[in-house]
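Okay, got some structures for you below.
Both of the next two complexes hold chain A, though its partner changes from chain B to chain C.
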Partner chain A sequence: MSVLAYLVSVWLFVVGIYGVVTSRHLVHLVICLAVAQSSTYVLLLGIGYRTGGQAPIFGDIPTSTPVVDPVVQSLTLTDVVVSATVSALLLALAVQAHRRFGSVDPDELNALRG
Partner chain B sequence: MSRRVRSVVALVALGALGTVLVIAVTGLEPFGHYPGPYGDVLAKVVPGERHTGQLVAATVFDYRGFDTLGEEMILFAAVCGAAALLRVRRRKREEAGTPARPAPSFATRATGAALVGPVIVFGAYVIANGHITPGGGFSGGVIVAGALVLAYAAGQVVRLRRVGSIALLEGAEALGAAGFLLLAVGGLIAAGALLKNFLPLGTSGLLLSAGTIPVGNVAVGIEVAGAVALVIAEFLEQALLEEPE
Partner chain C sequence: MALAGLAVVVPLLAAAVLAGTTSLRARRVADLVALAAATAVTGLCVALVVRTSDHSIVSWMGGWHPRNGIALGIGLVADPLSAGLAAFASFLTVVALSIAWHQIDTAGHLFHALVLSFLAGMVGFCLAGDLFTAFVFFELMSVSAYALAGFRVEERAPIEGSLSFAITNSVGSLLLLIGIALIYGRTGALNLAQIGVALTHRPPDALVAVTFALIACGFFVKAAIVPFHFWMADAYAVAPTSISLLFAGAMSELGLYAIARIYWSAFAGPLGPHIDTLRDILLILGVATALVGGVMCGGQRHLKRLLAFATVAHMGILLCGVALLTHDALAGVAVFVVGDGLVKASLFVAVGALEHRRGSVDEVALYGRGRDLRALGTVFAVAGLALAALPPFGPFLGRAMIEDAATTEGRGWVAPLLLIASGLVGGAVLRVVRTVFLGRGPVPPEHPACRDADGGDELDRDPGTPVATIVAGALLLMAGLAWGLVPGLVDAATSAAARFTDHLGYVNLVLHDAPQAAAAAPGHPPTGTAFLYGAASSLLAILVAAARTVPEGPLRPLHSGRIGDYVAYAMVGAAAVAVVFATTLV
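On to the complex of A and B.
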């Protein structure tokens, strides 16, 4: 199964977006978005993996050792940070929505506004 | 659109998207056969050029530092936004006074209080050694911010706020962001290119080595610790304010 890691990433993305579309609770929606975002970590780290490769840190290993790609790892680091901050911002918006409309159901927010 | 129609439409659309994505990923290099070349180039040049074996830190804070600069600004802006959104209510409620809440048990308070110090020290260690071993400003900053949760468990959150700790956290976040920005501009001034590694490289494996990389780690660590702690503090405060309703 040489594509299993990539298929996991596709599954996480699709199932996360499905959760966002059909969500009935804003906090649930934010978590679903985080699941969809986590698909990118799996994809990035999967692409950079090398069979038998060591972690890309030459502390205890000689610099000739084959290592996995550090570039995708640092991209994933950026990704995690952005994902966490986006979640924080969206959860703050959910708190505000609850305060204003008295509900955390996305559909009811629509009805109240219209 | 009713819920059922919407979920059917979503299933059809996501099914199509998923099919296309599966076709796309089967065209990638097989898992475990990373084709390069960037990772291999970095593995060759980093130990000689930057005197560090931590390729990820070298990528984040040096070779790909411009991306990190943008990421820092995203973090800063998002946390400012979250704090501003959560703060609207506080102004109104502050006049009414902080509602009383049940005190945590002695075991929770004792464990929280005992762990605050060690957790901060561990976070600082992870930040300071980010250019030698796994870790760095981002992970270390989150660990330091975790100390705030322990302080909360120890029942100190109300007093924390009174001594102006929110202002302190805001200051730490801004200081870290400004520090990284100054480090980037320092490269421009000292070496003629934004984010250029302009400090002495030192001996690989020592605490003071790899030029600007540990400095960037510390700046990011301060910013992340301030930002995460600020968001946690604001959300905790929301929870405390909501209770009496």
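On to the complex of A and C.
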């Protein structure tokens, strides 16, 4: 695997976190978090990639065929599920914040300080 | 053998039944089902502790045993410390559900379903033998916790607190997952024992050090170690009291437990030659956390925030115990987790009762209004002294064991600094006794940006405090005090910790099914110096409580409440830890 996947992963993480830190809109913030999360998908799949490897489904291919690593694929799937759960929860909170604060700017939520 | 699996399955099934069955929506039915499930899990975990008292047990789910040292299956590893922590977490869940019985704001079967999935996450996380399983249960626990923190979703503060909690901790989970991915890339293994073997065969390099840093930072967020701690006060202050109790007594501790487990099972081999450097780095983080928590604790007038910063300080003390990387210190950590957890739980119960009676958790609003609540005042006063490590009670015993271990390892500077942190925390709690229950002396200065959560909506509560709640608080407090007097506790904890820190024994147990030799390690009861330090921190607490002004220094403005700031601090902290690890541990 070329180094490209790792560079993409680092880039996604950095821009995602930059977005989270500077965000002025909760929905934008949740999407930025999802972007940062997708860096882990790329990283995991990059780690398990094998040049010339096939999908790790041994139904109709001989067991000696080189395949990509199925463990990281299942990790990625789990990660996607976790990410979806967190995003759904955060978006629900964002909707509720809009109702109660009349704003979705995280800087204008000011019930808590210090 | 099936005990470990059942301890995870029972709460999950009960949660699914509660969430999916409309006929169980009657409040008391949901209460009873949830309490029964949590009690059953406590029983299962206690049975595991008893079963593992002379040998640890590994259960392979679906019979996927390791072959030739390669573990593909999911193994749950129970030893006295992991099962003991799971038992303590489920016991606190029982307490939390009992307290919630009388809370109006926790009505609804979904609350119970969330508490049970939170419990399943904690138990599974304690017992997980591989990083993948640990991550899945960690996330189950985290997501349930975000929802529980924001459970009172019709109010403003819980929305903000839960958002801050969820976003900061999700970023922490990202760090953890990147660490897991990198270690899998290096070793081709997820099982901790197998990672340990793979890492031993190659000299450590920067990748291994950075990986350990990322995993540690992921857990530091959950454990609220400075500078990853900013979310904690927001989450604790807004969660229902029963849930704050569970967060403070069990969830944060699990973060540090994971660091100890992963170090001793996987990284002890490669990082062993640099153990002294690692000790110093972690000790500095621990002492900084303890002091920041102690100082911030003194400046709070919102009682739940005060207890949240007390928890930060205690996480610092616990990190010091983990940081020493010896079994004596780890035994102290185990003793401190239970003693401190019980005392802090009693304080949360007392704050909940106060809120119930007087409709506020704001020290200024409550000034002098607790004069006739003698029972609650007594709980606060005794708990404050116990948190200040007054000998010979539970929190003192744990702190003393950690301090003695630090001095034995040539880190004599740790004990006096932990003394100051404990004194500040105990002093803050005792100050509440002075202002709220005695109505004497000055209160902390009004902070311009400090607002009570939503003001009015806490006032229309039922004015009659259930006696059962106050009794529960008093019982928890007494248990926390008595914990320091349990005969044979020091020896038992030290033997359990010795087995926990036995890297080779763990590897052989998990990969080769070789019974782990019972490690008979003599315990060290607190030395005379430790008693002196305990007395000194209690004295300091009384002085702090009597003081007219509370210095809070430059720390407060950093706790801005901005989610972006919190994430930025965490990222800077993670980068710093990674750079320090990569340059010093190779």
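Assume the second predicted complex is superposed on the first by the 109 of 114 C-alpha atoms of A that agree within 3 Å, B and C clash if a C-alpha of one lies under 4 Å from a C-alpha of the other, contacts with A are read in each partner's own complex, and residues count from 1 in each chain.
One rule holds in what follows: a contact is a pair of C-beta atoms (placed from the backbone, for glycine too) under 8 Å apart; a residue touches a chain by one contact, two chains touch by 3 or more.
Since this is a predicted model, take the numbers as computed values, not measurements.
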Partner chain(s) touched by A:Ser2 [first = chain B, second = chain C, both, neither]: first
Chain B versus chain C as contact partner of A:Ile57, first or second or both or neither: first
Touched partner set for A:Thr22, first chain B, second chain C, both or neither: both
Touched chain A residues, chain B compared with chain C: B
Chain B versus chain C as contact partner of A:Thr78, first or second or both or neither: both
Touched partner set for A:Ile47, first chain B, second chain C, both or neither: both
On chain A, positions contacted by chain B and by chain C: 13, 17, 21-22, 43, 47, 71-72, 75, 78, 82, 85-86, 89, 93, 96, 107
Complex contact set, residues of chain A against chain B: 1-7, 9-11, 13-14, 17-18, 21-22, 24, 43, 46-51, 53, 55-59, 63, 67-75, 77-78, 80-82, 84-86, 88-89, 91-93, 95-96, 99, 107
Touching residues on chain A, where the partner in the complex is chain C: 13, 17, 20-23, 26, 29, 33, 36-37, 39-40, 43-44, 47, 71-72, 75, 78-79, 82, 85-86, 89-90, 93-94, 96-97, 100-101, 106-107, 109-114
Touch list for chain B against partner chain A, complex: 3, 6-7, 10-11, 14, 17-18, 21-22, 25-26, 28-34, 36, 38-39, 42-43, 47, 53-56, 58-60, 64, 67-68, 71, 74-75, 78-79, 81-83, 85-86, 88-89, 132-134, 138, 205, 224, 227-228, 231, 234-235, 238
Interfacial residue positions of chain C with respect to chain A in the complex: 132, 135-136, 139, 143, 146-147, 150, 153-157, 159-164, 166-167, 170-171, 173-174, 177-178, 180-182, 184-185, 190, 234, 237-238, 299, 447, 449-451, 453-454, 556-557, 559-565, 567-568, 571
